[in-house]
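Shared chain: chain A. Partners: chain B in the first complex, chain C in the second.
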Partner chain A sequence: MNDVLTIGGKQFDSRLFLGTGRYPNPFVQNQSIEASEAEVLTFAIRRVNLNSPDEDAILQHLGDKTFQYLPNTSGATSAEEAVRIAKLARSSGLSNWIKIEVSRNDKTLLPDPIETVKATEILANDGFVVLPYTSDDPALCYRLQEAGAAAVMPGGSPIGTGLGILNPYNIELITEELTVPVIVDAGLGSAADVTKAMELGADGVLLNTAIAKARNPVKMAEAVKHAIKAGRLSYLSGRIPKKKYATASSTVNYISK
Partner chain B sequence: MRLHINGETYDLEVATMADVVHHFQLQKGLVATELDGTIIDRDRWDDTELRDGMKIELVQFVGGG
Partner chain C sequence: MASVSIVGGGVIGLSIAYECRKRGFEVTVIESGVCGGQASGAAAGMLAPYSEITEDPDDFFKLCQRSLNLYPDWVEHIMQSSNESFEFSNCGSLYAIFHEADLLSLEAKKRWQSEYGIQSYLLSGDEAREKEPLLSDDVYAALWCPAESHIYAPGYVKALIQACRNAGVSIIEHAGEAELVDGEPHLVSTDKGLIKGDFIVLATGAWSQNWEKGLNCSLPVFPIRGQICAYDGPSLSHIVFTSQGYFVGKENGTLIAGASEDIAGFNTSVTEHGINRLESWSKKVLPDLREERPFHKWAGLRPASQDGFPIIGKVIEKPSILIASGHYRNGILLSPVTAEIIANEIEEMPQEIPIESFRPERFQFV
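== the complex of A and B ==
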């Protein structure tokens, strides 16, 4: 099946964006990445711990495979801070893609919509491939597309909660209305949630905790890979309408009595 | 000279940004730098001269979602 995902002029066979935080160790992380067949990996940008510089340097563990790196602006509480982090990330020379993540609430980590739109506009005009993490509001997602987002990433539920897709109606409206790819980001907890997102018309999903904190991250990575394919095929095939009463699968004529 | 790096104060025998990266034995390809609020790209590390009291940020990619 030739069904590629195109973002920022790049084509991907995989529709999974995989986070790199919270795995039990680098070995399990690498095994999980491999099992997931993800081609896009997300990262955060943080100060180097100068007492132990190698401790957190995630990229040294990744080996030779080429990935599309998607750094995020987590920790930013304003558009200004997000822009600064994005520019620092780009100056690493590793990627001009940026996941905008701006939150002013530590408890929910829900994205601040106004600052997210501002940052999207500034960074898209500055040549970044901008993928904003946003709340699941169709009108807001549309505004992010207009502001120059290369893809829009509405959350299913708050980061790390595993609550799945709390408002499937909104997610479906978003996938219907946007012309840029829609990546459901945050809150997905299992393969079933992933299939649901894809059946609602998402072009891809972004997961971290669901895989990193599963009892068996490597197997969950594989499950998610299949769930994406199942959900995507189901979406492309078209589900039957829901009806209140039964329809027999066989004709009721000619029954021997 | 006295420098403020990642929120701590250090007395280092350095002249340029490249010297600072070298001093902490950081992997060049993985680190991004900021000097007094201005990003310094890697190809400018060698000729970015430092002065006493300057503020430096050294950041890198870490695990995240």
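== the complex of A and C ==
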């Protein structure tokens, strides 16, 4: 099965977008990235040494492997700020991909929808490959697609909470309605959450804390990789309808006389 | 009185030795080489958990906070017992940011840490430069945390060795690689013969994975090389943290810049890449260093555990054996609290803070 994910003209075998924050140490970080087989890595631009990314405290450990970098604007509180950050990242040569993350609340880190749409429009028009992190509102996600997003990233629940997908109904509506890829971002806590997202029709998931803060991040990375495949196959295969009463799995027809 | 034999003469092993001796145990420290010869002696000696922990108030945060609070009394005891003094500076720290977008995370940290009684103050770039005039004009803002301090690690370790000796701890150096003896939970075999202990404490830092076989449990501790360099001045009056490294000025006039981490097995040499990135970052944070070159460069092996938490406590299946390892970047800071926890475990006394997250049994072979 040639089931690849295409975003911004690039093709990926892996449907996992992995965050590079919060790992206990560089050894576990590298092993986790390897075990996850992720091809897209995200990180906060505000933390990166933009003068020399190869000397950055985190990026330097990635070595010679080639990843699609997805720098994010976390910490931005307005569209203007997000745009400034995105331009910094592009001019440093890191990437023209940008994950827009705009929030005004340091407690929930929930995205500000209006500023997110604004920033998406400005940056998409400026030639960026824009992936906005947004709340799980179907109408809003549709607007982001119209604004030029290359993929839309609704949150399952607030960043780092591990609460999973709080509104599966909305996520399913979003994956049904959008023509650009939908990446479920934020709040996923375990392999089960990941499978759920994929069964709801997501084209991919973005994780960080669920792997980085697991007791064994490397094994959790492997679990997530399998969970994506399981969920994707399950989605493509089509689940059975739910019924109230039992149907025997060995039907009379097959009983030999 | 019962006896405690400790394998590993780093800051963790020595602190446990001192604490157990104070509580009346007969104590032996077994060191493969010389005491304080590895990560302990290489440390920059920062006692700065509030700058280092940016995330949330978990058990590890409480462990660090407890240790920082134990420090003043602990240092006083070590100085008295050793009759030596060493630098212990309550200078406070500045966490400097270069980007407006980093403000939100500083605010979040300030908010949750204040719930734990930690006072910190958000300063503008100009206010930060008023406190620390060497800071670059590029510093956008800083979080000032007066409670953080630093210690001169080589002086501290040296005094700790002397304090142990003066208190009657037997220290055996050059003992080679120690091994547990099959079926004998109270014996350690070394190049210097068999050593007994009613309790055996394994405090071997980056080398802890060697015990997995003898203990039949998973001890995922990996060596992470930390490279550091030192300049001959100029001096700083606060510890300065940034996303890429830290700076700390010592009483002896040196300015330490750290650290470059990498994965290099048990190799403790410095690399060009590791030191170069410290040098170029130093120039960005402290422009006065533009013309300076470090006069000293060195590296140590940080014992990093799989989940980032240290491994402290009794081995449930072999209760005469205890582990104190995996302290990663925080061995110096966590030395007093680790000594307290291990001594409490041995005496079966209640712990002051929750230690369930640090127990050795949490790791399973997967």
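Heads up, the rule we're going with is that the second predicted complex is superposed on the first by the 241 of 257 C-alpha atoms of A that agree within 3 Å, B and C clash if a C-alpha of one lies under 4 Å from a C-alpha of the other, contacts with A are read in each partner's own complex, and residues count from 1 in each chain.
Everything below uses one rule, namely that a residue touches a chain if its C-beta (ideal position, glycine included) is under 8 Å from a C-beta of that chain, and two chains touch if they have at least 3 such contacts.
Because the structure is a prediction, the values reported are computed rather than measured.
Engineer: For the overlay on chain A, clash or fit between chain B and chain C?
Structural biologist: Aligned on chain A, chain C clashes with chain B.
Engineer: Thinking of the overlay built on chain A, is A:74 touched by chain B (first), by chain C (second), by both, or by neither?
Structural biologist: In the superposition, A:74 contacts both chain B and chain C.
Engineer: Output check: A:108 vs chain B and chain C. Expected answer is one of first, second, both, neither. What do you get?
Structural biologist: In the superposition, A:108 contacts neither chain B nor chain C.
Engineer: Applying the document's definition of touch, where does A:6 land relative to chain B and chain C: first, second, both, or neither?
Structural biologist: Touch partners of A:6: none, neither chain B nor chain C.
Engineer: Contact-wise, after the overlay, does A:22 reach chain B, chain C, both or neither (first, second, both, neither)?
Structural biologist: Both chain B and chain C are touched by A:22.
Engineer: Name the contact category of A:125: first (chain B only), second (chain C only), both, or neither.
Structural biologist: In the superposed model, A:125 contacts neither chain B nor chain C.
Engineer: Tell me the contact category for A:217 with respect to chain B and chain C: first, second, both or neither.
Structural biologist: second
Engineer: So, A:45: does it touch chain B (first), chain C (second), both, or neither?
Structural biologist: both
Engineer: Which residues of chain A are in contact with chain B in one complex and with chain C in the other?
Structural biologist: Residues 22-23, 44-48, 56-57, 60, 74 of chain A touch both chain B and chain C.
Engineer: In their complex, what parts of chain C are in touch with chain A?
Structural biologist: Within the complex, chain C contacts chain A at residues 55, 97, 99-105, 107-108, 111, 220, 222, 224, 243-245, 261-263, 273, 276-277, 280-281, 284, 302, 304-309, 328, 362-363, 366.
Engineer: Across the complex, what residues on chain A touch chain B?
Structural biologist: 19-23, 29, 42-48, 50, 53, 56-60, 69, 71-72, 74, 87-89, 91-94, 159-160, 186, 206-209
Engineer: Which positions of chain B touch chain A when the two form their complex?
Structural biologist: Residue positions touching the partner: 5-8, 24-27, 29-34, 39-42, 57-65.
Engineer: For chain A, which residues are in contact with chain C within the complex?
Structural biologist: Listed in rising order, the residues are 22-28, 30, 44-49, 51-52, 55-57, 60-61, 73-77, 81, 85, 103, 106-107, 213-219.
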